[in-house]
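Same chain, two partners: subunit A is paired with subunit B first, then with subunit C.
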Partner chain A sequence: MANIAAQRIKREFKEVIKSEEVAKCAIKLELVDNNYTELKGEIAGPPDTPYEGGNFVLEIKVPETYPFNPPKVRFITKIWHPNISSVTGAICLDILKDQWAAAMTLRTVLLSLQALLSAAEPDDPQDAVVARQYKENLDMFKLTARHWTNAYAGGPSVNSECDDKIKRLVDMGIEEHQARVALSSYNWDLERATEQLFS
Partner chain B sequence: MGFEINRFQGDVDEELICPICSAVLEDPLQAPECEHVFCKACITQWISRQPTCPVDRQNLTSAQLTQVPRILRNLLARLTISCDNAQYGCTRVLNLDTLSTHLEECEHNPKRPVLCEQGCALVIPKDELKDHNCIKELRSLITKQQQKMNEYQHEFHELRFFILEQRREMQLLKDFMRALKTSNPSMRAIADAMDRDAQDREVVRWSNSLQRARVTRWGGMISTPDDALQRMIKRTLTEMGCPIHILDDLMENCHECRWPPGLCSLETRQNNRRQYENYVCKRVPGKQAVLVLHCDNQHMGEDMMVEPGLVMIFAHGVE
Partner chain C sequence: MAETEVRTCKKFCLEYYNLNTCSNRKNCLYPHKPQHEITAVGFVQGEDYVLGQLLEMKNQRPCYFYQMGRCKYQDRCRFLHDNDNKSANEPSTSQCNHIEDVNFAQVPNSENKAASDMELSSVETDIHSVEEEEPSCSSNSSQDTKTSYEQDSEEGACASPPLVIINNRNWVDAPEFIPRSKPQKSYAQVLHSEINMDSNIIRKMCPYASRDGICLNLGQCNNLHGELCDMCERFVLHPYDEEERKKHRQECLKNHEKNMELSFAIQRSKDKTCGVCFEVIMEKANSEQRFGILPNCNHCFCLACIRKWRQAHQFENKIIRACPECRVTSDFVCPSMYWVDTKEEKEKLIDDYKKALSNKACKYFKKGLGKCPFGNKCFYMHADKDGRIIDVGPPQRQRRNRYADTDIDVLQVMLWDFLDERDFPWQTLADDLEDLVSFFTESDESDWSDYELFFD
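Coming up: the complex of A and B.
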């Protein structure tokens, strides 16, 4: 790995560890390997959002050309959000693409992602299904996102209606995550989800 | 890429850190409006990807970058840093502005070139000295040179082949020209004229390479040299690089029997002796003789000149 990238990450790692956000448990950063090419990030779901109470794990890969190119970041924790793929965890955020600037740091990236959870951009979507639901039925979106936060990110809010519907599909031999995706995509309409799963 | 922070003594002010490499500024340059400062290498690399300030993304080109203020340069110069070769045993701690001078002469530089004193006399980096083996090094040198020699040999063969090809082609062309010349009279005339031109030019070139001579005593002229004298003249002309096609004619023109009407007898010579001074003569080195070439003497009348020129031998009186 180029010297400059390792040097930067080393310093940024220390910067994050010392930061007040870490002190407040809002963000976290861990090394995955010893040569500073891969890290694990974690952000807390912001208050007053469907993600509140959840912890979201991120995979951070540092390219050799860092900081001249942005780090490659994706969500490991499954999440229901218009700008994050519910399938791959890929993120649509300008600073991780053409709006990256060499003086930005892993800390700014983590804080920007946290901000993205507070303020989605449904007009610049990564996941078209989620974005459509967000625009057409915001309450349904919030309910779904909250349910995903509970299911995957350790969020506190349990929705027994959702859990029941998933159980019905699981009893029919459908895998749990697959059942959740189908129900989420069809606004928790059990009939249509079943139809899609068995068609 | 700047200097690693942990090489400095004491704390380094945040202002002196490059926001790109997060090390202490090296050859710093400044953006004009926002006044953000970066290492020269860092900002150049960033701008080559995207012409913006890496901190605030305002437009920024390489041409807009300026020197940083003197105060900043002084602050940097006064920082104390350990030598690059600290891990190899250099304990020097210097001001940043004297680091580069020190590095040039640092004893601990593992790559410092040193002379092998065990026999091969090759110059090698210091850190390779302990595993250095003269015979191995020299053998690899020989192998390399052998390789090069093979390459040259190959090249040489190719060139020789190329020359042979050219020669063959030239011969073909010559044959073709000859055939043209014999089958077409106007071609022959052109070719002959070209040949003559080329030969004339050669004589002029030769003449220009010779030194002028002055005859002080025209009365010493030998108008009927014997065979031995004539052979001597021919040998000398050959040594002087006389063009082959005029050699025999010139040599034979050293006797009055071949001279023009104005010179061919004692009587005509007596009549024309005042014109002698008008001849342009060239020296025949080491001999009491001069060359009077036609190409140098077109101002003389036909009475006094013949092609391609004549040779005058004297008993004495040539300078």
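Coming up: the complex of A and C.
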């Protein structure tokens, strides 16, 4: 790894550890390997959003050309968000792509992602299904996102109706996550989800 | 003669030449040579060097100490150890009518040790006033040499400051040492008539007293002993010449201001960190201790980092030309040794930078053989083989004119990118601390590939 990248990540790591966001448990950063090429980030779901109370784990890969190129970041925790793929966790955020600037840091990236959770951009979607739901049925989107936060990110709000529907699909021999995806995609319409799963 | 001399001349420290000591000591830009080792040809007004040639031959002045029988340098002595001269050291001086017989051993040493250089020149002048048949010998009138040099410089299109030729002191060629000259005055006569007249002007400041504050010859020293200057803390203030005193004080003040400015510059630069690598710029490796100043915002980067960022190819030009911190677009990066705080400092820095670039030949223009894509917007010099500056007009538009509105914009974008790239190998000469200009060496890598890529 280029020396400048390692040096900078080292400094940034120290900076994040000391930052007030870490003190408030809003963000977290851990080393995955010792040569500062891979890190694990964690952001708390922002308050007053469907993600509140959840903790979302991120995979951060630092390229050799960092900071002249952005770090590669994706969600490991499954999340229901128009700009994040519900399948792969890939993120659609301009600063992680063509709007990157060399002065940005891992801390600003994590905070930007947190901001992305509170302000989705459905017109520039990563996940078309989620984005359509967001635009057509915002309440349904919020319900789904809250349910996902509860199921994968340790969020507090339990929706027994959703859980029941998933349980019924699981009883039919469908894998839980698959069932959740199908139900979420069809606005929790059990019939259509079943149809899709068995067609 | 003057022409060849000026061309082959080297620069020597003027202060050392005059005072035998130099306030810059080891940091002086010019070599330290005492007067008797240089044939001075001239000096340039406002500069602190003297142009001259080093005397290669063994000094022809007899060694005083050898004649006293105790020269500790023996064979290594710069002065002449000559037994004939020793034998000639007899009281027959006054009877000597021929200049070729005169040698310096006859000058009583206690009398005019320091003034002996002046004696030489005065002797020359005098001889020439008498000797009309050989006017082009050593002490040519300063007017002649000056004009011949100026003509020469015009032909060579060399923009040097005006050269003032001082009295040619190439006394090795002086008639004293050339047997055929037949002067009518004796050395002693010449000597006394001249010296007595100008003794006050000729008397120089004692180099020992002005350097150390102590002159061992205090009682007998022929030179002036200066008063203490409270700024430089040396005994260099002329005891009675008010003009000289003022001059020295002004110099001291100027030096002091310069030092203060430098201190402030270091102070405000020393804990600045680069927004890209996050390192303290003044604590980086020597060659990387340079700031890259963006003209349109006040964010701080090291030159290497900001240039690397601006050369990133995976982003749009709009992104890489913007400041990585505030995204304000700047057209170029100005290298600097120190951080600049105020608007005035910054303007001056950028002005100097552009000036420095405009003295450097454009690599694309190739003295008229090539074509510079940046036209008259280019920061570099567009001059033909004869050195004439040529206005090549505004930068050419893109070949395909489909997007007429965006062309100029894109072209300008690229212009400054090239500027950045071309300047990149600045590290090669980075040890040269004071010279902003010197690190703009041309890159060996051709930028033309990129250029073609863009214009196609």
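By our rule, the second predicted complex is superposed on the first by the 199 of 199 C-alpha atoms of A that agree within 3 Å, B and C clash if a C-alpha of one lies under 4 Å from a C-alpha of the other, contacts with A are read in each partner's own complex, and residues count from 1 in each chain.
One rule holds in what follows: a contact is a pair of C-beta atoms (placed from the backbone, for glycine too) under 8 Å apart; a residue touches a chain by one contact, two chains touch by 3 or more.
All values reported here derive from a predicted model rather than from experimental measurement.
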Fit or clash - subunit C, subunit B, common subunit A: clash
Partner chain in contact with A:158 - subunit B first, subunit C second, else both or neither: neither
Partner chain(s) touched by A:172 [first = subunit B, second = subunit C, both, neither]: neither
Subunit B clash site on subunit C (candidates 40-48, 220-228, 274-282 or 364-372): 274-282
Subunit A residues contacted in one complex by subunit B, in the other by subunit C: 4, 7-8, 11-12, 67-69, 99, 101-103
Complex interface listing, subunit B residues touching subunit A: 1, 4-5, 19-23, 36, 42, 45-46, 49, 52-57
Subunit A residues within the subunit B interface of the complex: 3-4, 7-8, 11-12, 67-69, 99, 101-103
Contacting residues of subunit A [partner subunit C, same complex]: 4, 7-8, 11-12, 67-69, 98-104
Interface residues, subunit C side, partner subunit A - complex: 275-279, 299, 305, 308-309, 312, 314-316, 319, 322-325, 327
